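Lettered A, B, C and D in written order, each chain numbered from 1.
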């Protein structure tokens, strides 16, 4: 169902003018702001952050607001400042590029917390929040190396979350089977599923039997290609459940619930109970945020011995004995 | 724009000149210089308001938040001026290109080129005294922008390749190249973020107002607007550019090298766009990212056109668009109106500017 | 002629904004005659005829045709009433074939244009009937101007018209082509058509028309039977006074050679040969004319001399100094002045002011510019001085030059070019598109310059202009100088033959008369 | 085995090329109509975006692809009407109006998308592939070339239909004459203004259809600025094809081929070329196309020049 901004506007149209001109409100109201570059209407990282914001609104009853900024680092600082000056306690900047501006603004607004997605920063109340996809991707790499001939990775663009995830995959696979072949393509877009499909097909032609995408909406093209190629080609469902598209090919599913993680952090801040004392990284040790499950309906499900091995690896990762991003 | 239109004059005998017609011509010109831009902006704002109203927003509230927010305190005004700086610089440059009938749609790419060069020289060069180093950074940015623009100019004169298409393609190439540089050769060492190393503190542009980010870039922009205005209308070289823009045949006859003027004009506009990029790096961003422009190069077109290609006018139109742009963030923050509304208003401004230009031209013709 | 009125345009007014083009013109044309419409540029001939063929709508006035009032909303309606016009600028599409041009706008837009053999046959038949030699399959851009005109005339005839209007049809033709056209007009009348024929050339009007209407200032001042008038009378009616195209000329001794051209060849913009092996000299106190129909290399010759077009071979010497390969700025400093062919295209910048136009070549020279900056005071003073000397009528030197009449614009161009006391004055089309007063003024100025010691090269398509001022006339055809004649009206026919490229015939004629 | 792989490679690449080229083909063929009538519309990029958005929104609301495409074409016509109003009636500079149209297209579609689609995101049903009987069973090329969706097939038909209309009908004859010598058209009683309006609206609606292809038959999602310069590439295609619709079809295919190839090349890890270099290929190719084909003679004579009646 379409929900448009009119509802949101109705909530605080005239009020907005008042808050803008007036000083920060009393701390009675808990407010959280979100800054993204681009649009939250598109599927992808911004949508993930937006959904997290909405979860905070629902679960904590917070007043929320967000701004879809242009791709302009110069505008970040004043946007942070605008929220902070209006008394927002938590402001989430969705992307590492927000960290410099947050650090600058944080000096002037000691009452606000600045959460930065995909960042490992920690400076006072500027806290990086990272979804460590390299951990589940490490597991996928292990499985691929155990079960397959060679693997192909299809990424949207070369940005930290994706290159980290791919690094995890590579480490997992190469630790398990040194010399395991891994190809990689960046299609240069998060929505061009035609390119993703095309890239997958050309990899399959080259004899690759494990293909894993990390390209937001464009990933669908990969699952379509894998499905059409037949059950001998294997893949994993990443971030979203694609088993409807390629149920026979998907050996496992990695689901990330960023909202749950954010709610956990924000709740801690709001109640003053658990304020992060370092940057936050969600990994396999946070099952409410990152989940990796097997698909038993696959044409060739992951055999029990492999699962057992994977479980060992997983506990080592959680225990910190394996660094998935090393190298 | 009106200068580009060449029409045969009407027959002779009915032009009876006297003082009053002369005054009429002049007052008409004045009307066009100030009245038309204001009218154009009003029309565009009305269109924006209509769009808001249709989609269920309270246009008056939205605009109040927007304007009121921008001018709520010194700090917010300086933030607006920060946006105005690149817009004025790019707009002023485009005045030169457009006056010479070069349709440079590539200021965006030239801005990137300038930013890349500035970052490169800011990060990789050591041992220079800071003031000199800053000057060098800005010069490098200007030269890079000029060179990037000159590609289109040279392709135009040697291969008759439409500068409209080539400059747009160069925009894409510049952004893709920047993306390559910050993920590859220019990426900050030891970090996984696609961004360059930060510029040393000493190389930051001097701040004008303490406790704000307002740096001397705005003064550079205004000074350059005045200088370029003088260049266009008071120098021999500027005269030559304008003649080429209005009538290349006459320029050739006058011994003006059309090819040189064309390349010069687009290079000047590129240099100013590149300078804008360099100033942004040295004054605000301090490092290079994959995306560093919210479309300054395209808004700059609207800035120049609204100024009717007069550099001094670009100061005012640049500030106007900066107000819209700065206000749009507050607009979304408080009313959840998508910020991209600004693009709609920019497009409407250009349309009303050309409409008033064309209609005013006709009115002018029949009045004289 | 019968008593019923065939065609009458009464009290026609037409205004464009505040410009009055037709001020109550009344014209009566009889059936089956050749009616010439004579007048100077801007007299309102074309406007009146454009009203008759439906292109323009009059503000006032009425038309009666074949006894009934005629209201025309479009050229199409005029064609339906069997009135058609051959415009001065042909209404032909260059990237279509002749047949496609004839199909243009005919029938439903949804009609297919596949089968055109029947159409081609009809075109050929009609072409043969009048001996027009039109090939229906030829692509327009491949045809010469003369051929295009025949295509245009046939197109109008093809639409089945009774009244044919021709707007200055001979302006682009050679002497011989003109003869052929005039014969065609006679044939058409013999065939029952009525022809209205706009011209400002007295001799053609005298030769071919039955009656002449003379227009002046938007009105028809008189209609006379051609047989009962004389060129002198027509000329007087045309300008409202006696014109003496014979300007008073004092015999002057030529001085030393200023311009010397030997074996000059150059290509046009499309890299095709345009000037071939041209050699001539111009001396001080001498006006040398170059006659020719447009497009025979004169434009390129002028551009080459002015340093605007590179020479392929040969040499150009100015004051005994080799200038071949020099850029135009360097040539001008020698000094050479150049009044270009197309004023609006080259000579001036319409939207700039008079003052800015005056410095077109001198925008870097002191006193108009010092250290790269323009000196507006000096520029304005100089402009005002030129305006005074050359009687340029304008309120202020800051108004855009587009607001001036063609004559005043040309006067300013001439003034500008003479201001630097050139050794050589290169003129291409001195009087094109300007009024008679201005023509006389500039021509006398040219003669004064000659007496003052300048060498002058006058390139023109107007024989009258050349005959009036030149000391010698070269004829240019196909890029070559094909003959040299004295300015003798008695040898007009020879001139015409040379201009048409008929050198042998011209030589025979010269031998017979000479 | 080697040649088998090569054939599969060729077939797959060709199929991808055709699909990628499809929006460019529509935009370029449309622009040929517009330019043949003497009007330069550089606003087709924005028009494509409008088509993409309107098609997406309509299909999202109604669930009907047919309605989506119809609405996109209608929106294209409206956009064309706006452009024509400014360039033909008001006689404003065509380049400037085009620039404005691009800004408007980007701004308006993003504004509406963000306003109304903040909570959707599932996408719209995609256009199904049509298997052409017999041909789709051909080895290698059957799957690649004859199992595309109908809009892809139609792009070939549109190119040939455009050629037929332009060169074999009286309408096309007049349209071409309008770009070459508008006065000659006016004198025959046909309205130059009407023809230019028509040509612009045909061009804009085809561009919008090309845009709608992106959302409805390619990606099944709307993404801001998703045309990514395809409208501008179409402008270069028009020059390269010498204003011939069938030529534009094949030139667009070349561009599509480059899109497809750059992905193929990236998948070869041994090459070691930064992927951005490959991504820039289509844009570099566009510039090269303009450098190598600089034919002024073939351009309509009055391209970009407003028509002044009488």
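As a working rule, a residue touches a chain if its C-beta (ideal position, glycine included) is under 8 Å from a C-beta of that chain, and two chains touch if they have at least 3 such contacts.
A quick map from chain label to UniProt name: A = BMP family protein; B, D = ABC transporter permease; C = ABC transporter ATP-binding protein.
Just so we're clear, the structure is a prediction, and the values are computed from it rather than from any experiment.
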item	value
Selected interface, B-D versus C-D, where C-beta contact pairs are more numerous	B-D
Computed distance of Cα centres, chain C from chain B, in Å	46
Distance from chain C to chain A - Cα centre to Cα centre, in angstrom	76
Rounded Å distance, chain B centre to chain D centre (Cα mean)	29
Numbers and ranges of chain A residues touching at least 2 other chains	4-5, 39, 68, 158
Touching two or more other chains - residues of chain B	7, 55, 179, 183, 337-338, 340
Junction residues of chain D, two or more chains touched	110, 114-115, 224, 276, 279
Touching chain combinations (by label order)	A-B, A-D, B-C, B-D, C-D
Residue numbers on chain A that touch chain B, as the complex places them	4-6, 8-9, 12-14, 16-17, 19-21, 33, 37, 39, 65-75, 77-79, 81-83, 86, 96-97, 100, 119, 157-160, 163-164
Partner chain C, residues of chain D touching it in the complex	168-174, 176-177, 180-181, 183-190, 301, 310
Residues of chain B touching chain D in the complex	1, 4, 7, 51, 55, 103, 105, 155, 159-162, 164-166, 168-170, 172-173, 176-177, 179-180, 183-184, 298, 301-302, 305, 337-338, 340-348, 350-351, 353-355, 357-359
Residues on chain C engaged by chain B in the complex (per definition of touch)	16-21, 42, 217, 306, 308, 327-329, 332, 338, 340, 342, 344-352, 356, 359-361, 363-364, 369, 372-374, 376, 393-396, 399, 402-409, 435
Chain A partner contacts - residues on chain B that touch it in the complex	55-58, 61, 64-65, 68-69, 72, 75-76, 79, 82-83, 179, 183, 192-195, 198, 213, 280, 284-287, 289, 291-295, 326, 329-330, 332-340
